[in-house]
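Take a look at the structures below.
In what follows, chain A forms one complex with chain B and a second complex with chain C.
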Partner chain A sequence: MSGYKYIGKSTVRVDGKVKISGAAQYIDDLEFGPGLLFAEIVESPHAYARIKKIDCSKALKVEGVVKIVTGKEFPYRFGLYMHDRYIFAQDHVRFVGEQVGAVIARTPEIAKRASKLVRVDYEVLEPVLDVVTALLDNAPLIHPELGKYQHVPWFFPEKNTNIAHFRKVRKGNMNEGFKEADYIFEDTYTVPRYAHCSIETHGAVGLFDHSRRLTVWAASQSPHTQRHLFAEALAPLGIKHKDVRVIAPHVGGGFGGKAGVSMEILAASLATAVQGSPVKVLWSRAQEFYNTYQRQGVVAKMRFGVKNDGTITALEQKLYWDAGAYVEYGANVVNAAGLSATGPYRIPNVYIDSVCVYTNLPPGGPYRGFGYSEFLFGLESHMNEIAKKLKLDPVDFRRKNAICEGDTLNYGGKMNPSGLLECIDKVAKEIEWGKKRVSKDPRKAIGKGFALFWKAPAMPPNAASSAFLKFNEDASLNILVSAMEIGQGFLTVMAQIAGEVLGIPPEKIRVETPDTDRNPYEWQTVASHITWSTGNAVKKAAMDAREQIFDIASRALGKDRNSFYLEDETLKSRTEPEFALSLKNFVINGIMMKDGTFRGGPIIGRGMFMPEFASAISDPQTSQGGKPNVHYTVGASAIEIEIDRETGKITIPKVVLGVDCGKVLNPDLLRGQVTGGMLQGLATVLYEEMRFDSKGKLLNANFTDYKIPTAMDVPDEIVSIFVEHEQPDGPFGARGVGEHTMIPAAPIIANAIEDALGIRIKSMPITAEKIALALKGLDLPQASRAEPPVCFQKTST
Partner chain B sequence: MEKSISFLLNGEKRTVEVSPSEGLLGMLRDKIGVKSPKCGCDRGDCGTCSVMIDGRVVRSCLVLAIEVDGAALTTLEGLLENGDLNPLQKAFLNKNAFQCGFCAPGMIMSATELLKRNSQPTRDEIKEGLAGNLCRCTGYTPIIDAVLDLVSEQKKDRKQ
Partner chain C sequence: MSITNDFEYVKPKSLAETLKILVKNKNAMVLAGGTDLVGSLKERTVAPDLVIDIKGLKELKKIEKKGGAIHIGALVTFSELIESKLVGKRMPVLVEISKKVASVGIRNRATFIGNICSAVPCLDSGPVLVAMGGFVHVKSRLRTRKIPAEKWFIHARKTARKPGELVIGASIPLPREKNGACYIKLGRYQGEDLAQASVFVHLSLKNKIPLYQIAFGSVAPVPRRAHRIEKALNGRKLNHELVTEARNLVASVVTPITDIRATREYRLLMCEVMLERALLAAQERLNGRGPAYGVNLI
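Let's look at the complex of A and B:
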């Protein structure tokens, strides 16, 4: 028994009622009065072109148009990890849909009409639409200025190429590793681009008032990072951090798409062009598809060295990422994946190249899984192929090589406490691994798939969280934090953590979405690190408040502060069982002394957390050195599927996911992450895919052509298994889980298909059509992709 | 050219001037200030703008405002009972059924219509009844479970 009162309980969400009653306000629900202006973006129709001339004269004549701005007004570059992105295109456009200018008008209709009258003359250039072309020696340079871009110290761009970042991991001795191996298994897997598909599109409203204060309301995962990037980008206008305020209302889904800064900077910039009036930029569903971050495509070439007994001796993994036109955030996906591209395996000799390649497709960026979903598809598919060739059971093969606590990670650090083996065993048992089921229907083939997964938060080593905690007169609490509730249930878990420390029931605790003026700093709500990082800050804030309570009481009452504890909203003493002082009697007004004076005053707790042990500095040639990852969360997943042999259609009777979350803080919310993440992952392998035409235009920028799952697509049974090997530096032992539930989905399906039909499909998505054709010995044209040129294999020596 | 139309909105008579091309969703949100129907796609794909016209759920982004002249409209605001959550909403609350909450208003409208049509739906019938409302967060399972929970609770109540 844990002995916790609120931790580990399925507390009802603190934001449940506001959402279910319809009271929750999202960005487009906020009212800004009759002065509100609307912006429509003038977009590039070309994937790569030089802007020759922009003529706004006709558009300016439309009544109701207030202002038209283009790159001339905002010649600034910005970015999260690398400054390679422009507020508005300057001399070149680099993807279809890129913002060239904006028409600001009194109504959205006028803005839209006038935007069509802005004439832009282009010199159309040959676009670079895939990594293979981008890496050719004579490929056009998408960013000739690459060498001059400011970037974080752990990025290694190669000037005069399209390589924006090259992460190399070298551990052990590859030649020895392959020499030691009895077999070498080599293959190539490809993954296309995907869209987040939050049901709420991006939106932001900016107001630059007459005192030159800039306020931006944004559907956001990153209010403080946005404030920082706005202040940085707009510094030439004399704007300081204190002048910028970001307010984040409820947000209708994030999944990484609303992290960092993408279109929000348009609202911030445009506001400065129409001082005194708020201006709204709201993305349409189509824009949501083509002008926010997209999940990057990848070509993964891997070579495993394996002994007869199934011991992996070496892995060479080369990941070529289609990172798009701007990689200011996406390059860090490439980085994170590169550091971890062995998956959760103990491999002594490792050689990884993770290459971030510019193309003329929309900017890549963070999406739930952050590169791990992408490389795990190939890695875990290949693991099955190896097991098959060696006649080993795929689960035994994985178990034999699974990473354990204390094993050396790819960058030299040690693996954190891990219940991976426990996850493997429990998941295998739950799916009845080894037990073959045969369908009564001869048209149906049944198969099972298994995969492991891991993921570490990808974040700068100094990504910090902080929290304020204020008592109210009735001993209820307000917690101020700047992490975002994007649906994961973070606000509720923060209430549970503070409640546990202070003896206050979570329903008496209010935690709301942030305003950077009022709420203390948070880096971003990404990387599945908020429960861990902000949770630590909130726990510290609660402990700080508790210490203040003990101080006041011991000073006023002359009691031993070491005897105090908090329970049921009351201060109690271990040495005096009859003593009980209700917190509401003094947490604001203090304790009255015999002479009528008071001791104490309003209790305000403060907490901060930064992983001071983390460092991103390492040898660029090997990645050995620093401690870039704070911890890994690991797990196993398995599935049973039924395939129609005629149509290739798959149904899912059962899927299981076991994860070591360190400590379950709220079982309901954790299960919610599994059911949601798993379906999102299954969709990426079964049917979702961004499709572009030969000119780089996205063909399926809507929910009719880019299908996401409906309630009809839910597996019959989803089993969540939670293993608890506590994270020593996590709040109550917890570590992150949010992204992890999505990442094993692709390989479990691919492996189950192979199990059922004996066919190995090496490109995602694995649609019914692809399966049906493969069964007839045919291939889809888009399934056979070109491989990176041979010249790139030179780097493998 | 604007035309005056009248309709019942959550039981209250409203009269507004609308233009021939004005959509119902925009009219409700921008002219009347009812914000629970959301715009997720503006082409009838996502269902987050669902409202009821004369008891039937429609996607308000696909309906012209002028079409509701004389009709009775219900939005999520009209489903509250005595200013608080109704039993279906309470079931969603207790099951932590929603995450970001953006799809909740539309989903609750569809679930309400489903239960009105069929007070004892099976799991498959619930899935079908909610299939027009997209949710990217939950994987639908907690939403389906909450509806099933309510159905079995009500069944128990009737037996007692």
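Let's look at the complex of A and C:
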């Protein structure tokens, strides 16, 4: 159909062999010799406290302890979008587990033993553990210096409050919209915090050598951004970007958790304290839970205006995010969600507040879905409730209001090409929407749920990707890029893209994880934008190489360069069918002329991509103007579930996800994304949840009590449906899809439960326990969370 | 995570040597499967001076039929119980129980006796032992004791074992006549989990008179035998009314708490649901029908 040789084919993973053979090295596999030192972190036992005194004398006496470092040595702030985070706590600790100091020792055991001997005196303060308390007029200020923090221009912190960022979206006229409506539907939904649960925990090794060059090996999604943040934070030590090198080995899962800089700053800074010796910081599973980024909790209050015929006239959506102790990354989740909190609907009058609230819980941050899973749980649950009350079919109601190409987005731009309606229709057909099935088991109720989803990459407008492409003597290729393979299949797809342009089979192309000294710039592997953005850079690099090949051949052979094309590792001509010059004959050594001289030389392609049309500058009061999002990827999803009426336990015979990712570059890899994303999403709604005690301590920092799905929890059938309306600025028409596959999981379950049992559960997770008790008319104590004391009618500033 | 406490390690070759070492070292701990001990060492919740590895004591690795009971040696793993022909034939519910313990990897190392020595409230090995009137066999240098299971479990993580004593095994009386049994464990998902609540039911016919043996797990500090329910049911044929009667007595038998794994309310409710299902399954199995042992009933 497409005429492509490699694009759209299920090319086998280029990183498959290295992984299944065990040859792939991860951070903890790397050897650093006998001089390697180990750091153990001294952690705060309190959610909020003032540090009175730190006494290291006992710990220093332990044999094998090399050095103990505290905040005194590194009085620096850092952060991705806002500089509100400290390398080590300074005068205050702001969450349980926060790093107060580090013991560097010859072995991990010595470091750990000694770390228990570091005595820290605290003045314990009353912690702020929820958004309600944080927003009270007399709430303690978690960051009294907020007004002084450096941040990106699209953040709007409110000094002398706990509001770190306030994103306002105002489109049309909300009051007019509600006047036009026949009905107004209002409700509140809550979502707790979640953990990424990568199988590999965070880890980093730093080496500051005697020439003052800093190298950090890190399990990373963002090598260049880490280099930049290390250089920024450690600039007072005279370190320049050129002196910092980040090497990223294979990674055992990211899901957003290894983006930006969290614990990696410890390896970078501790290395400078023990110049000449490498120092390793490896997170335990518990630390992985409480001291990396967490997915933020949210309380969503929404109000819809709808006409009798199902036309949505207005939406007011207020999102209060529990962003934790530091929001340098998490505030952008709040921002992105705010801009898109209508979901994929055409709504003329929109009023959104997305509020980033400091609390004394661990820092929030990026997590697959970047805020969209969180607000879509409420929004898509509420859409069903509206349809029910208006006696409309929930799919018809969604279809009627679904956003289409050219519709006006919340910030004023136009919607990109989209096959949303096609996704809706195909998914509805696949799940046999409208057809009721009754279980043979009288204890079981069967229900179906449906939801739409969308998501745009959330990134700075100038987030860039670049690529080098080097030919070898045999016309095989090495591609140098700095995005990360975190399971999504990125390396393979880059080989497919370059192979398609250059007529080289992907198995002859090597793409590996980066070293920032050698590989060109990449912003971060986040936002479902790598296939699109790095793909564009690789495509341009391949085209650059192709042009060089054409130039050399045309110059050496005197042929018309416009007649050339590449196929099967060979240069061919459209005008001379018999002409064929194997690439391996000249891509390194050039073409020999009659006089024995050569033309050409090693072919090195270079490609760069930055979305020059994007802008984050808009009216802070309305978000109108600018173009913060490069494109939206949309889709629909549906599920059929069986619920045991007595136990509340759910089994899933079938789940369907239809998505328009522009162009499917590798169907097998994309099906893998759908399976993995759907499972991850289903777990967030069915059993995962971070639970804290009344003092802010995480109660389930382990897989004993924080459950992620096993093979036994996989739905019987997962159907992927791919719709292709090409993205004009994407490589071969592709747009992002990685995060999207988990986003609709929560509302399809919530809606299916309602369909089966007639009960609407408005807080995640929806455990078997919650269902069983709800059926008995009992409310689960921990499910009843407080709501923010913000009046709906009050139009804030 | 690594173990940071120093301790001595010894692997005795005989039971006599083990008991000698045990009596001399007050702060010693015994290693069998190690699936609990090593975790506790890493988390520093225990700090023994000496770890006595008993894996060299071959005589403790036996599953035997002796004097009308199944004897499970201290080194018998859950995987070995699952694979045992004797167990499969004479007490298949032990296979059902063992299959509910953790995951394959853990079951390959973890022992039945280790489980009752750790004696956490959610243990899977407890309900069967107390309901069937089993015994725990301990030995010290000077004496041997046979402790009834209901007296073995004293409190959460506390057993009747005295210093210097080694648990060498447990025995469970084999039912003489026609019988059916069932173990149901409530977890938060399909993967391996600690029990939120569990129930064990054994139903046998003695001179055609039904005899019920019932115990609950995870709903009290120790496995709780449901004497009250047994008394109400014994001698009566199972029917809908009897099941309802049994369900209504659950709240008087168990004392669940609310913790991170479940609320008291859910545990209570599920004990009723599971009791009903286990009673019905045990009866079906007694009659030679019903779900195969090991099938998920919840």
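Descriptive notes on the structure:
Basically, the second predicted complex is superposed on the first by the 791 of 797 C-alpha atoms of A that agree within 3 Å, B and C clash if a C-alpha of one lies under 4 Å from a C-alpha of the other, contacts with A are read in each partner's own complex, and residues count from 1 in each chain.
Just so it is clear, a contact is a pair of C-beta atoms (placed from the backbone, for glycine too) under 8 Å apart; a residue touches a chain by one contact, two chains touch by 3 or more.
Please read all numbers here as calculations on a predicted model, not as lab measurements.
Of the two partner chains, chain C is the only one touched by A:Leu778; chain B is not. Within the superposed three-chain model, A:Arg13 lies in touch with chain B and out of touch with chain C [touch as defined at top].
In the superposition on chain A, A:Met263 makes contact with neither chain B nor chain C.
In the superposition on chain A, A:Thr704 makes contact with both chain B and chain C. When the two complexes are overlaid on their common chain A, residue A:Leu669 makes contact with chain B while staying clear of chain C. Within the superposed three-chain model, A:Leu361 lies out of touch with both chain B and chain C [touch as defined at top]. Judged by the touch definition given at the top, the superposed model places A:Glu769 against chain C, while chain B stays out of reach.
Of the two partners chain B and chain C, more chain A residues are in touch with B.
Looking at the shared chain after the overlay, A:Met712 reaches both chain B and chain C.
By the touch criterion defined above, A:Arg691 lies against chain C but remains apart from chain B after alignment on the C-alpha atoms of chain A.
On chain A, the patch touched by chain B and the patch touched by chain C overlap at residues 284-285, 704, 709-712. Interface of chain C with chain A (complex): residues 1-4, 186, 188-194, 258, 260-263, 265-266, 269-270, 273, 298. On chain A, the positions that touch chain B within their shared complex are 10, 12-13, 15-22, 24-26, 28-29, 31, 196-201, 250-255, 284-285, 486-489, 668-669, 671-672, 674-680, 702-704, 708-712, 714, 718.
Residues 29, 33, 35-36, 38-43, 45-46, 48, 75-77, 80, 85, 89, 92-105, 108, 126-128, 130-144 of chain B touch chain A in their complex.
By the touch criterion stated above, chain A contacts chain C in their complex at residues 108-109, 112-113, 284-285, 644, 646-647, 649, 686-687, 691, 699-700, 704-705, 707, 709-713, 767-769, 772-773, 776, 778, 780-781.
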